[in-house]
Amino acid sequence: MSAALLPALPVGPVAPELDLAGWLNSDPAPALRALRGRVVLLHAFQMLCPGCVAHGLPQAAAAFEHFGPQGLAVIGLHSVFEHHRAMGPDALAAFVHEYRLRFPIGIDRPGDDGPIPTTMRRYRLQGTPSLVLIDRAGRIRASQFGRVSDLALGGAIGRLLAEPGLPDVGADPAQAAPACSADGCPVPE
Amino acid sequence: MSAALLPALPVGPVAPELDLAGWLNSDPAPALRALRGRVVLLHAFQMLCPGCVAHGLPQAAAAFEHFGPQGLAVIGLHSVFEHHRAMGPDALAAFVHEYRLRFPIGIDRPGDDGPIPTTMRRYRLQGTPSLVLIDRAGRIRASQFGRVSDLALGGAIGRLLAEPGLPDVGADPAQAAPACSADGCPVPE
Amino acid sequence: MSAALLPALPVGPVAPELDLAGWLNSDPAPALRALRGRVVLLHAFQMLCPGCVAHGLPQAAAAFEHFGPQGLAVIGLHSVFEHHRAMGPDALAAFVHEYRLRFPIGIDRPGDDGPIPTTMRRYRLQGTPSLVLIDRAGRIRASQFGRVSDLALGGAIGRLLAEPGLPDVGADPAQAAPACSADGCPVPE
Amino acid sequence: MSAALLPALPVGPVAPELDLAGWLNSDPAPALRALRGRVVLLHAFQMLCPGCVAHGLPQAAAAFEHFGPQGLAVIGLHSVFEHHRAMGPDALAAFVHEYRLRFPIGIDRPGDDGPIPTTMRRYRLQGTPSLVLIDRAGRIRASQFGRVSDLALGGAIGRLLAEPGLPDVGADPAQAAPACSADGCPVPE
């Protein structure tokens, strides 16, 4: 199941910006445009998805712990596409508190038509848990639904961290150089 | 941590009846009075309690699977004492669906004063997960907060199943002989 | 795989005596005849059998730890039927030392014809790991090849410990009442 | 425990050649000089070391499986420094067969004085399991005693695989370009 992930890491399209209805553990809202120059692990989950709770979220937390000081940004994305009433913002806040998740988490915006939220649709994710790896230039390098081994994920992150890309901006998000002009921060195409 | 549980299994007081605001996977509501003659594993949990999700509930489900055919009754008890808004009946129903829990689950009735629900208070449980073992005569034989090893729990259940108690009523709850008089089924204090 | 084990625990024949070429962690040699009145878990293994090292032996050690004070006797049986040169007494002693096994271990006597050792043949074991449960009266109640869940094993041990059998002889093997006469200790048929 | 490993990967001395008394799963003997241009994971173990069997060797096997097609060479090193009689070549062959290890394994040469074998001494390993990471230029980049997380190891391997070093020689060891002159292949000091 992990085989599809990491050896190749082919260069994909620029990662679409997140469309969020709220966020946790972050101020301001987590935004990809502020993270150019860094490698990003985007982890899409639902708080009542057993595979997310058992594997995906602990893995994202461990990646945040281990690779954060090396410059990896980890962003959780709460992409609810079922049981919407049971997984509202209050419930998510309680969940994040109880599971002691410390990385920034965005709440995917509910879709206008149908149960799939908008960011999830933009990324064409197949379900939860899903992980997306974005390189220093802001491009999608891997997108994987389901369980991925730690060894495979570590290898992919290590490869992407080793790529020169933009000048290294260090491990502190506050020092990240956003690819923004004086007029604002354009959403990448 | 499991040491307190199983060797002794001293005879405690009669198990107080459950006070429920609702129930799942059961019709009628799960009730101890209908289970006299059987050994009962009562598992108190909260759906957003990490230790319950990781250890307690899978263990209760495995006990239901393995010991159910031998006559064990397993009852889940959703005893919410924090984050009440995040763990209402709708959320619990979604949780039970996603985690495929098949044993009867009662929703502990909210307390009149304070956050502790009534059944949890009756049993003086220290938190979640907690497990309570009730013998064929309806008496508490073990009450344990926290993680218990499978070996220890299996041993305690095996011992209690081996006790003669009332005439064996078999594995079918529908055939259970309630310890009720012609006047009704009194709730023990 | 564990399904075959524990619910029934039908009464089988008297457990044949162990035929040993040596022993560890015990003085005198571990002998079933000295354990009448107690429940016995016999665990057959090979030191180079991956399933034994990963699951069987840790389970036997945990059973020794948890149920020993309740009166269970645990005996390891090193039944080598392949790679005989690699698993001689010296190698076993190093293995037992490194893995810190504390329960008595008998070395199954090599067979006269063929690779199967004699005790393993007497018990008609299908391979390693295998576990055999013997009741207080010395009778085989379960014999299982392969992996057994802790819950299932705990349940079976708990049931057997609850059987009255002979008068309880306590947890200390030194105080065990052997079923021997003044003339000696007969090997049960 | 894994913290020491991977973020930095400072450039260390050239990895000393292996000094072997025998080998398995390889023809000819595994030799570092034949692997210049590739990243090498050297895993030192003892067959009766519980931490090696439970964690180190499965991790090495998983790294071989996952990163082998990406160009990683995995070499096991059987560095016996205790219980020498129990871990001779015959025993190791049986062990490798039973545990289905498929990567090349060298048998570290017994030391002239004292129990530490020669390659282990050259690398100043603190015990088993130990892992050593060698980059494409043949230099030691990490040396770690004890347990390392899969995420950390994967990250370090990914980083090293991403380094250009010598021209990539592909995943086939037979095509590896040894850093040898016409006069032969000198053992680095």
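Chains: A, B, C and D, in written order; residue numbering restarts at 1 for each.
FYI, a residue touches a chain if its C-beta (ideal position, glycine included) is under 8 Å from a C-beta of that chain, and two chains touch if they have at least 3 such contacts.
Given the structure is predicted, the values throughout are model-derived calculations rather than measurements.
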Fraction-based call for chain D against chain C, same above half, different below: same
Pair from A-D, C-D or A-B with over half of its contact pairs in common with B-C: A-D
Centre distance in Å when chain C and chain D are each reduced to the mean of their C-alpha atoms: 39
Distance from chain C to chain A - Cα centre to Cα centre, in angstrom: 52
Two or more partner chains touched - positions in chain D: none
Contact graph of the chains (line, ring, star, complete, other): ring
Pairs of chains in contact (touch as defined earlier), listed by label: A-B, A-D, B-C, C-D
Contact footprint of chain C on chain B as seen in their complex: 2, 6-7, 59, 62-63, 66-67, 69-70, 149-163
Of chain D, residues touching chain C in the complex: 48-50, 53-54, 82-83, 85-87, 90-91, 93-95, 97-99
